[in-house]
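Presented below are the structures under discussion, each in the form of structure tokens.
Two complexes come next, and they have one chain in common, chain A, joined by chain B in the first and chain C in the second.
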Partner chain A sequence: MPEAIKLLQVSGLRTEFRTPAGAVQAVRGVSFGLDPGETVGIVGESGSGKSVTALTILRLIKSPPGRISAGSVKFRGIDLLAQDDAYMRSIRGNRISMIFQEPMTSLNPLMTVGDQLAEVMQWHQNLSRREGMNRAIELLRKVQIPSPEKRVRDYPHHMSGGMRQRVMIAIALACDPAILIADEPTTALDVTIQSQIMDLMLGLKDEFGSAVLMITHDLGVIAEMAQRVIVMYAGQVVEAGSVYEIFDEPLHPYTQALLRSVPKLGSRTEKGRHRLQEIPGLVASLINIPDGCAFRERCRFAGPECNGAIELQAAGDGRMVRCIKVA
Partner chain B sequence: MTSAVAPGPLLRVNDLKVHFNAKSAPIRAVDGVSFDLARGETLGIVGESGCGKTTTGMSIVNLTQATSGDVIFDGVDLTHLHSLPKSRQLELRRRIQVVFQDPYSSLNPRKTLTQTLDKPLRIHGLTAAERKDRIAYLLEKVGLSPKQADRYPHEFSGGQRQRIGIARALAVSPELIICDEAVSALDVSIQAQIINLLLDLQEEFNLSYLFISHDLAVVEHVADRVAVMYLGKIVEMAPYQALFTDPQHPYTQALLSAIPVPDPRRRGARLVLQGDVSSPLNAPSGCPFHTRCARKSSVCQVVAPPLTGIAEDHSVSCHNL
Partner chain C sequence: MLSFAIRRLLQFIPTILGITLIMFLLLNLIPGNAALSSAGKLELGADVIEKLKADLQLDKPAYVRYFNYVGRLAQGDMGQSYLRRYDVADVVFDRLGATLKLAFSAIGIAIVLGVPLGFIAALKQGTWPDTLSTVVAVVSVSIPQFWLGILLMYVFSYMMHLLPTSGYGDGASANLVMPAMTLGLGYTALLARITRAAVVEVLSADYIRTARAKGLSEFRISYRHVFRNAFVLILTTAGLLFGSLIGQTVVVERVFSWPGIGSLLVESIFQRDIPVAQGCLLVIVIVFLIVNLLVDILYSVINSQIDFK
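Moving on to the complex of A and B:
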């Protein structure tokens, strides 16, 4: 099909992990695209495969036990899964960079933040250490760290959690990447700091123009930041659409139930301490997954027709849903 | 059944202080906290990391030693628990239980569900037959199957483990349960199950909850009254309606506004508070919040504002209301 080359096109991605209990199928045929400058949110609960999807895109899956068993990740038309390690090293932190949840464990405790920032640019842009340090100060200023000339010589343990996450963002943006993958970037932070980091990311996104793949379990963060949303459950995309479509008119029973089960600020009625709408049962196990809809055992609409293979289907302009009852 | 209903609250905390390293440079983790909790009531304690909410809860059950202040539970001062006879200590301990945040680290991985639940019952003197019945009853109450009774913690999911933690707390028929971030580690779909379970159990057993959480949306849902803590002090305390619809302290206002709402049409409405959460290691003088406050005046840097009543049950500590 003659189609414009996407910035990022993930197709039929499958990742599994070998364990004594059997193969854990963490990602089971995930496909989506990302356009320049847009922010796509991937939302899901523990074990939905959202983080493994992100790690697979950058080939950060340890093998063994992990294995990328099928699919392709095309970055500007080039399949990253078919490239050698040297090529991947030239992509990571340069064209596609990543921010992780825990800024304490993802920074090197033995290097100053300035050296860590400069290292990225020395590696990818052949800057000298001095040039790298000057750029590092500039970047720390961009992420609004006060007195960056001093802070550049700090070690991570000198900084608060919010500051460390700012440093992580500075490192990720150092080489002006085309894609920024943010895996739960605000989850470990207090709410007032989370709010600062979200504002910072929204501002820098406009300035740098990177596309952002935002991975989170927090529907509030998604509503605040994303333009398009992908909902994952048990290693599959169950629904995709614009942020307004997903929140205003969710189609998949899982998305509907998820939105209803979140306690919303200001939703408690006078005197009425109503029970929350819960989703019964447990999150599906990813070992020996039966055919059919993975959500059916927790779904109030499920019927015998849900036991067969269910494809992700188009449901209107750009919307996708994996439910036989809807499509 | 409880004995004659005492007038007064079930729990009264008065000017509680917990200072660590008190000799050289004291860290004032909890610095003069006072509140009451009635039978069957839920008091939510909210705040960010390091505000002292967990230390407050832990010092009530003597897991952290209070530096000064009183913790009066049904007329008895728990800060002097050790001076009471052993049997009396045991009886008081039975009546307050804790549900912890992390259902992975708060259960003994080498004990089956039955063993975990059996221990408190044995300590509190039930016979083997009574214990067996009680365990079956508890499992049913928290939504676990008796078939799972001989399994180990690793065989359960996070939500199921938190049900075990709740069963363990319920085992000895407490009157007060301290829920320390009891649902924070859970996925939203499971979190809703556990919140509903806690609400059902409260109704059935007339439990009092001290519900410690950083998640204001959850607290709004479960609490009757809410106390907001900042750097070891309560800065605002009010019934949930007043606190969530008419917050008065600038910190409460900022905290409520900072929460991202799951509604894309309300994006960008957050009030962004500048600066980091101050650390109790170098707490500012005067009002603990003045370093981040948009409303601060010169007096705030010098004098710590007292918690003052502004309406029935609603008190705030701020010079510039």
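Moving on to the complex of A and C:
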């Protein structure tokens, strides 16, 4: 059946990296969609391919060694992977922008934050430097940096990690993008700063109306911000659904294990203390991945049937799960 | 910034004092002295030699001579040549001009050629221009200056009759071409390698990824983000390089009979003319210190993160 054109539709995306040890398949056939104004969370452990997915959408994978080998990334129906570099540049930072994990090193140390903010608007919106600076002050105020008129002339080393991440958010929102990709925006920050940044992002998301792709390993962040969740493991989507469904009734054994490994305030068992359960084993190697479920080595339900190819299957009202035991 | 410069200039004093001591000790350890060596040639009698020694104060203990030397130095007197009885300061500063001219030309060549070459190599990392520039750089660094100098003379003077073989030529630029090229080639290669390394490092920085995520063109990223950051790294090494260049003009000056401070230093050591050798070394050290100070100041102008404290 013909579907309405999504804001962003990622289909069958594959990204690999050539290494001396063999091709690392970081993203193995990832598909998902994003609607205007919606927040979708991508969760997974380190090495699950979530950051590479994000970088692939903006074609920021360094090539070589990286290579986008298959799939499509349709932004408003136009496949970004098929466009030339000039088109891609008109999208980056303008229609789709990105916030990175490392606020301490993501800003140019030799440019004032004002110049770095103004730059993106001068580039995409043909503003003069003066107009850019005025807008920069406005944006710094929006990300709640005190006395932005002064701060606009500061260099990054004058600012703390939290402030720098606010500047990064301001840069990302400067051109009023349709999609904001946030790659672990709070991971490198103190816990108190983390919640401030999350609150800020929640507020700005409503104000700017951008759709957000929130990439994180922090389930708390997802619960707070996202409407839908995509769980990734070893470069594949293993489960997708609404945030309530995933948290209330996780289907995939990996999602279940992930949720059990999160501490809950005041949770106790009859015996007294509640022990956190880690997931046994290590994240599967992404070199020469065998067929079948990538999680089976660590899964307590695994059986011989898990060795065959397993597809992502519908599990009622928009939910998807990649597990032969559940579906 | 001014107080920073003044403080640094004051720090020159203990540095220079320390260097005069080391210099004095080492030069006085050289066997033989000017009086004896001139006496040997002229077959002078023992009494004349004794008188010469007394004239040159060579009959006094070394520490007395050292304190005399430093005392005079503090008054701006670098002493007199043992052999020719001229004021060392006059000759040394006269020769310094020729050396600086040579050094600046060489570093100019190195900057004009080396920095763009290194930049291109880094941007084209892993492709044939990169490999080619690596090969050329390694070859250029490895060629000895005396050999290159003679080769250039052979080609441009002997075969093609384009340039004068050697000499200062009263400052004619035709005389400068070959010495500057000979001295500059190795530094061009070094600077190209340094630039490449710096640019490669900057290109992998997170803020370059941010610049790409902003949708900027590669050209704009190069000149607004890569170059300035790489330049901070390049400047540090290039500054040190230039400081050392002053002391390394010796070979080229000898090959091309360039009347610079390097050739004067070598001559004076051969003739055991200690005051002249001391003067040359001292001036080389002072130029080195000044260059480093200028590099530090320039460094902090470019890099906002350095405070003058």
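Definition applied: the second predicted complex is superposed on the first by the 318 of 327 C-alpha atoms of A that agree within 3 Å, B and C clash if a C-alpha of one lies under 4 Å from a C-alpha of the other, contacts with A are read in each partner's own complex, and residues count from 1 in each chain.
The rule is short, and it goes like this: a contact is a pair of C-beta atoms (placed from the backbone, for glycine too) under 8 Å apart; a residue touches a chain by one contact, two chains touch by 3 or more.
Everything numeric here is computed off the predicted structure, so don't read it as measured data.
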{"item": "Clash-or-fit label for the pair chain B, chain C on chain A", "value": "fit"}
{"item": "First (chain B), second (chain C), both or neither touched by A:58", "value": "second"}
{"item": "Chain A-centred angle between chain C and chain B, computed on Cα centres after superposition, in steps of 10 °", "value": "70"}
{"item": "Which superposed partner A:100 touches (first chain B, second chain C, both, neither)", "value": "second"}
{"item": "Chain B versus chain C as contact partner of A:220, first or second or both or neither", "value": "first"}
{"item": "Which partner reaches more residues of chain A (counting touched residues only), chain B or chain C", "value": "B"}
{"item": "Touching partner for A:163 - first (chain B), second (chain C), both, neither", "value": "first"}
{"item": "After superposition on chain A, the shortest CA separation from chain B to chain C (Å)", "value": "13"}
{"item": "Chain A positions touched by chain B in one structure and by chain C in the second", "value": "none"}
{"item": "List of chain A residues in touch with chain C within their complex", "value": "58, 60, 64, 88-94, 97-98, 100, 102, 105-111, 119-120, 123-124, 155, 157, 168, 171"}
{"item": "Contact footprint of chain A on chain C as seen in their complex", "value": "126, 205-207, 209-217, 220, 224-225, 228-229, 232, 302-305"}
{"item": "Of all residues in chain A, those that touch chain B in their complex", "value": "45-46, 160-163, 190-196, 198-199, 217-225, 243-244, 247, 257-259, 261-268, 270, 273, 275-280, 282-283"}
{"item": "Residue numbers on chain B that touch chain A, as the complex places them", "value": "48-49, 157-160, 187-193, 195-196, 199-200, 214, 216-218, 220-222, 240-241, 244-245, 254-256, 258-268, 270-274, 276-277"}
